[in-house]
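This is the structure I want to talk about, given as structure tokens.
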Amino acid sequence: MSTEQPLRLAELTTEEAAEAVTRAPVVIIPAGAYEQHGPGMPIATDTIRAEHIADLVGARLAGRVVIGPPLPVGVSPHHMAFAGTVTLTTTTFAAVVREYVESLRRHGWRRFLVLTGHGGNNATLTTVAQDLLVSHPDVRFAWTPVTALASGVVAGLGVSEVHGHSGEAETAQMLCLAPELVHQDRLRPGSVSMDELKPEARLARSFSQPTLTLPYDELSANGVLGDPTSVTAEDGRAIVDAAVDRVSAFVEEWLDL
Amino acid sequence: MSTEQPLRLAELTTEEAAEAVTRAPVVIIPAGAYEQHGPGMPIATDTIRAEHIADLVGARLAGRVVIGPPLPVGVSPHHMAFAGTVTLTTTTFAAVVREYVESLRRHGWRRFLVLTGHGGNNATLTTVAQDLLVSHPDVRFAWTPVTALASGVVAGLGVSEVHGHSGEAETAQMLCLAPELVHQDRLRPGSVSMDELKPEARLARSFSQPTLTLPYDELSANGVLGDPTSVTAEDGRAIVDAAVDRVSAFVEEWLDL
Amino acid sequence: MSTEQPLRLAELTTEEAAEAVTRAPVVIIPAGAYEQHGPGMPIATDTIRAEHIADLVGARLAGRVVIGPPLPVGVSPHHMAFAGTVTLTTTTFAAVVREYVESLRRHGWRRFLVLTGHGGNNATLTTVAQDLLVSHPDVRFAWTPVTALASGVVAGLGVSEVHGHSGEAETAQMLCLAPELVHQDRLRPGSVSMDELKPEARLARSFSQPTLTLPYDELSANGVLGDPTSVTAEDGRAIVDAAVDRVSAFVEEWLDL
Amino acid sequence: MSTEQPLRLAELTTEEAAEAVTRAPVVIIPAGAYEQHGPGMPIATDTIRAEHIADLVGARLAGRVVIGPPLPVGVSPHHMAFAGTVTLTTTTFAAVVREYVESLRRHGWRRFLVLTGHGGNNATLTTVAQDLLVSHPDVRFAWTPVTALASGVVAGLGVSEVHGHSGEAETAQMLCLAPELVHQDRLRPGSVSMDELKPEARLARSFSQPTLTLPYDELSANGVLGDPTSVTAEDGRAIVDAAVDRVSAFVEEWLDL
Amino acid sequence: MSTEQPLRLAELTTEEAAEAVTRAPVVIIPAGAYEQHGPGMPIATDTIRAEHIADLVGARLAGRVVIGPPLPVGVSPHHMAFAGTVTLTTTTFAAVVREYVESLRRHGWRRFLVLTGHGGNNATLTTVAQDLLVSHPDVRFAWTPVTALASGVVAGLGVSEVHGHSGEAETAQMLCLAPELVHQDRLRPGSVSMDELKPEARLARSFSQPTLTLPYDELSANGVLGDPTSVTAEDGRAIVDAAVDRVSAFVEEWLDL
Amino acid sequence: MSTEQPLRLAELTTEEAAEAVTRAPVVIIPAGAYEQHGPGMPIATDTIRAEHIADLVGARLAGRVVIGPPLPVGVSPHHMAFAGTVTLTTTTFAAVVREYVESLRRHGWRRFLVLTGHGGNNATLTTVAQDLLVSHPDVRFAWTPVTALASGVVAGLGVSEVHGHSGEAETAQMLCLAPELVHQDRLRPGSVSMDELKPEARLARSFSQPTLTLPYDELSANGVLGDPTSVTAEDGRAIVDAAVDRVSAFVEEWLDL
């Protein structure tokens, strides 16, 4: 992995920012969540992963992209039964994203990529992309989840039948990126098989469509889907590398258009 | 297919509606779009398909679900370059859906399934589902696209490399459900291969993630993705049957919880 | 009545829509309601009447107006005590109307006429007209109720002292336009005289100004004002003809400006 | 006219306000406009008339109604071509009215009557009444225009064929209520006959339905409809008396329910 | 003090308003509140003071500023425990201010000064100023409280340790400006020393920063901070004069830029 | 200064968060800005200072307060002429703060203190405090700026006549807290005396009231007010210590109520 420093808007002076508009015409905005991640992982797990991966992409493409302002809190209503979760409404999350874009557009940026560590943000990011088509047709707005970029790697980990939130893939990433925040001794499997789910949760998980959105306390007693005890930092490294590769490949093609 | 009549809220008296709350505890809301569908298909293609399929599910499950008020216009900013397209902002579309739910909830309904013939509505429907988790935790809100329910059938049609909007699958459905509104003599292939796409469009189509939302005039000169001339009403029947089967199976399990 | 087909945006291809902008510069938008209509008439009575009459005007003026996207659900908070009623807030109803106008304005249309089968929509339509004067001064926005256009005919029917919602005039129209949806055997008079009203309702009905808006369960036990059993399909035909004549006369003058 | 003082919330102490909740359970809210009133009348004509008439009703019913906070500026987009006009959007005007109601409801008031000197406020007041039915079902919200309450008197004045804004009726009221603000020497007739109207304006005035809302500079060069030079303070007195009688009669019945 | 008449938009004809845009390029908008002012002063105390002082500034600078539409009701949630208080949300208050500015800007005005008699409006006025910098960069928006302009005079009155709302300074101003609305026999001291405050209130008053906003019923049993019985109309005259001097000095410099 | 770790919600597991509700009943939310800070300091200067000082307070009161989710971007419309500035509207900033409070309130927290490194956030924080009084009367919401807490220390630095944004006090803090982000060689004085200001800027700075909000490019060519070259890390340490002392004293009293 490159050790070059990413260009972070936070750290630039205004004069450096003015230069970055042409040198680094793509803004990468990390988005996460403040939400429960089970008994062993921290509330900001998704934000931490998104910021790390944005930095890694920024380092890889150093000087050609700028890391924009973060979205530390996301859309997490489904986790509100678990203490510590903070959620924005979809309306407010969308407003923040849009105002970041509008502000940076005034300085000359036209291309934005939100890198979200939290799947609950996906839909709202899409609505922002849609509304911008009419309100700011000169803007191009892209977004991506993190883990889904490495679905091949995740499949190769031998994940449980039911897996996902705070499970194998997220835990592995945290062991790689922020091991000091993972309480490995407290990691516990959550719901791991369809059989143990309550009927409504089983229905929701057995159909990918129709989509039935349930609060997470209906899906898992400890808030975890999958078995976070089965993975290592090496697994996390593989996921992270695959995600960074994929995002970087996309951005490089975008820059070359 | 059943010939039994679906229960449509539009046609019930208020006394019949009062009875339906317990007899038909799931409300199916068809959602579509008013947007260009190329040279041979009508503006309301998605609305027409959604309403037909909702009716077919309603007939299949007759008496156990009620067809609620429709959403004839959806989120279509990406088609605004083509005449006749009407779009709601994501905010307004979400407000309409939420107020349908809130109204019917006051009469006792708690379960809602939006069946959308237009993929541009998907993200906003998800945001509605998310916000309802906090504002109305006693409601269960599900949604589904139509064509994606029959992805196996669609794959079997031998679709073009690039396909989708107003292409093989949508045209086939219309030939089956509303042939009188299809101008078969005017159907024309749109963009069918990656090679013919402009670079930005090719980038957007070659990555499933990151997602880059483009206006459709960047993707296709005539608004079509795929080859609508290659399909028949029989193909459409197979798609429709698969979709109706899938939705009905979901709703039956839901009713039996 | 003309048997020519109205031009419906729903059924046009995008190319036909492009032509319609100049050929059919007035857009007629039918607006209705999903609300109780007493023991014998369906929830969508107002939507059905509006759509039929819009079609009849469209046929009369064939090729010179286009029927735009419908507003199937309206502003019906006063009927929420009766099962099956669905209401939009005035804010959301206004937003939908405005976004229809904004979308079609981008394709070139500048004149809009909303034809509403439901009086509860009138005020919000006026607020839309007002706000458009400032936000889109190049747009002309008109609206009309249906039954009020035929007030002379209605007066000639010998209506009850108290009459209106789901009473003589609306029932007659439905017997003419959609008899299959009227349960004639279940039609029952509602409140028909001032004497039988509760004091607050009597006050509200005896003053046309000040206007005191009451929920309908305060005005009528079965949701009906007037006697729907006293009218025929012929009465309905007379009302419909008068309304179609009046709207058509207006639009023809408008087109000729 | 009674010389008793009306009870004005503005002038009460908080302890007197607490008593007024039961003694004076109806709140009368005067609403007006800041908009052009032709060459001889002041911008605040409608506000001045509304406040005077509210005071007269308050005096008539002294101690049984309280004059609430005023709405000095209303919905006047149609007059924005004339200097000095100030308009609120319908959304903001509605929010102010609603928040007055919500505030006073917390102290115990449940009945509200907005007395508007400006017809441009009518529709928004109706939307407030509608939305309150759902959000605050224990509130009763009524509203009334002023001049329309005296339509018989106005008809008896021998008004011009085209009349209305800043014409005979409004000028007469101002000559009676605030003669020091009327520049009688500058009063000039505006549009007085259908013949002199431009075609679009003539269309709009010749149909009461459909309603076509036009900016006032399309209706009259000097902003006046009718002939303000033909009336006297005595005419105004007759209009004012009829309006006060009518409102007072309504409120007395309301108080006695 | 000048006896010249201030130029009030309310009283101008539209033609006079058109001239005022250049002759009187600064608009002064008085803002107040409808809120408890203890046992001896009226609900509209702040509005009355603001309107009087605006008039006095208008007279002093006669012909060079125009008094715009008033804001009679402000942001007073902290007084809602006391009967008669009416509050707008900060959102609605801001919308009204902004729409006044937007309306008058269309006629040519670019400079606005809100003179607020109520400190609860200060923060929202600042947010309006901030948002206008982006939305209307050609506008200059200033605002000022009244009493704070005369802080030197107030300090010289020998005010109590705890003083402020409805205390020495406000009472003195009312005795000068509207003595007929002050019930001197009912004036009573409120909270006057830190010792008598409840602990939370004492904490809030002893730190100027952090700022802890408390409802007024936590600060004072009768709604008063300070001793209103200790002041005279002469004291009020000194405060008013100082405030008028200060505002006038500011505006004169502004006009001369 | 304590070296104990502050309790950061970001780093807690959900189970630890559940315990923190009672152990650490005050939530400290750091708020900053992404805005120009002249030629030598980074865009995120205010966010960095707020987060550091929140951490220091958290360490001082370790275990009795929890550091909540950050507000990295604030209200900075006045700096938009300088590249790199990102601003939220006051409406959106308020929504984010309110939704943080609403989320954490559901888990049991009732006391919130926003510590803002950016004065442009002050007004909006006050409006949030006001609106919460009505919507969530069980919440206590406090906020504080940073530098103003140490006004005595700042005065002792011998600051320039004109000073403030990115000047002596902010630079000193950064030299103490994040020296690696300060380009000392590029620090340059901005506007330092009233004489060098343009007339409008001089007017704005010479009156503390009325308040006239100007864009910063009217106040300073390089975006700086004051002389950042005159201070040291020791100066910054004194400011930081004073601010931490003051906030900690407030919170300790608050905890002891």
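Letters A, B, C, D, E and F mark the chains as written, and numbering starts fresh at 1 in each.
Heads up, the rule we're going with is that contacts are C-beta pairs under 8 Å (C-beta built on N, C-alpha and C of every residue); 3 or more make two chains touch, one makes a residue touch a chain.
Quantities reported herein were computed from a predicted structural model and do not represent experimental measurements.
Visitor: Following contacts chain by chain, what is the lowest number of steps it takes to reach chain F starting at chain C?
Guide: 3
Visitor: Among the remaining chains, which ones contact both chain D and chain E?
Guide: none
Visitor: Could you tell me which chain lies farthest from chain C when each chain's centre is the average position of its Cα atoms?
Guide: F
Visitor: Just going by residue numbers, which of C-D, E-F or D-E has an interface where over half the contact pairs are the same as at A-F?
Guide: Repeated interface of A-F: D-E.
Visitor: What is the distance, in whole Å, between the centres of chain B and chain D, each centre taken as the mean of its C-alpha atoms?
Guide: About 48 Å separates the centre of chain B from that of chain D.
Visitor: Cα centroid separation between chain B and chain E, in whole Å?
Guide: 56
Visitor: Using mean CA coordinates as chain centres, what's the chain A-chain B distance in Å?
Guide: Going by mean C-alpha positions, chain A sits 28 Å from chain B.
Visitor: Quick check: what residues of chain E touch more than one other chain, meaning two or more?
Guide: Counting only residues that touch two or more other chains, chain E contributes 80, 87, 89, 91.
Visitor: Chain contact topology under the given definition, line, ring, star, complete or other?
Guide: ring
Visitor: Going by the defined touches, start at chain E, step to chain F, and keep going round the ring. Which chains appear, in sequence?
Guide: Moving from chain E on to chain F and continuing, the chains are E, F, A, B, C, D.
Visitor: Quick one: which bits of chain F touch chain A in the complex? Just the residue numbers, please.
Guide: 9-18, 20-21, 34, 36-44, 47-48, 68-70, 72-73, 80, 82-89, 91-92, 95-96, 99-100, 103-104, 106-108, 181, 183, 186, 223
Visitor: Inside the complex, what are the residues of chain B that reach chain A?
Guide: Its residues touching chain A are 75, 77-78, 80, 87, 89-91, 94, 113, 120, 122-124, 126-127, 129-131, 133-134, 137, 140-145, 148-149, 199-200, 203, 207, 209-215, 246-247, 250, 253-254, 257.
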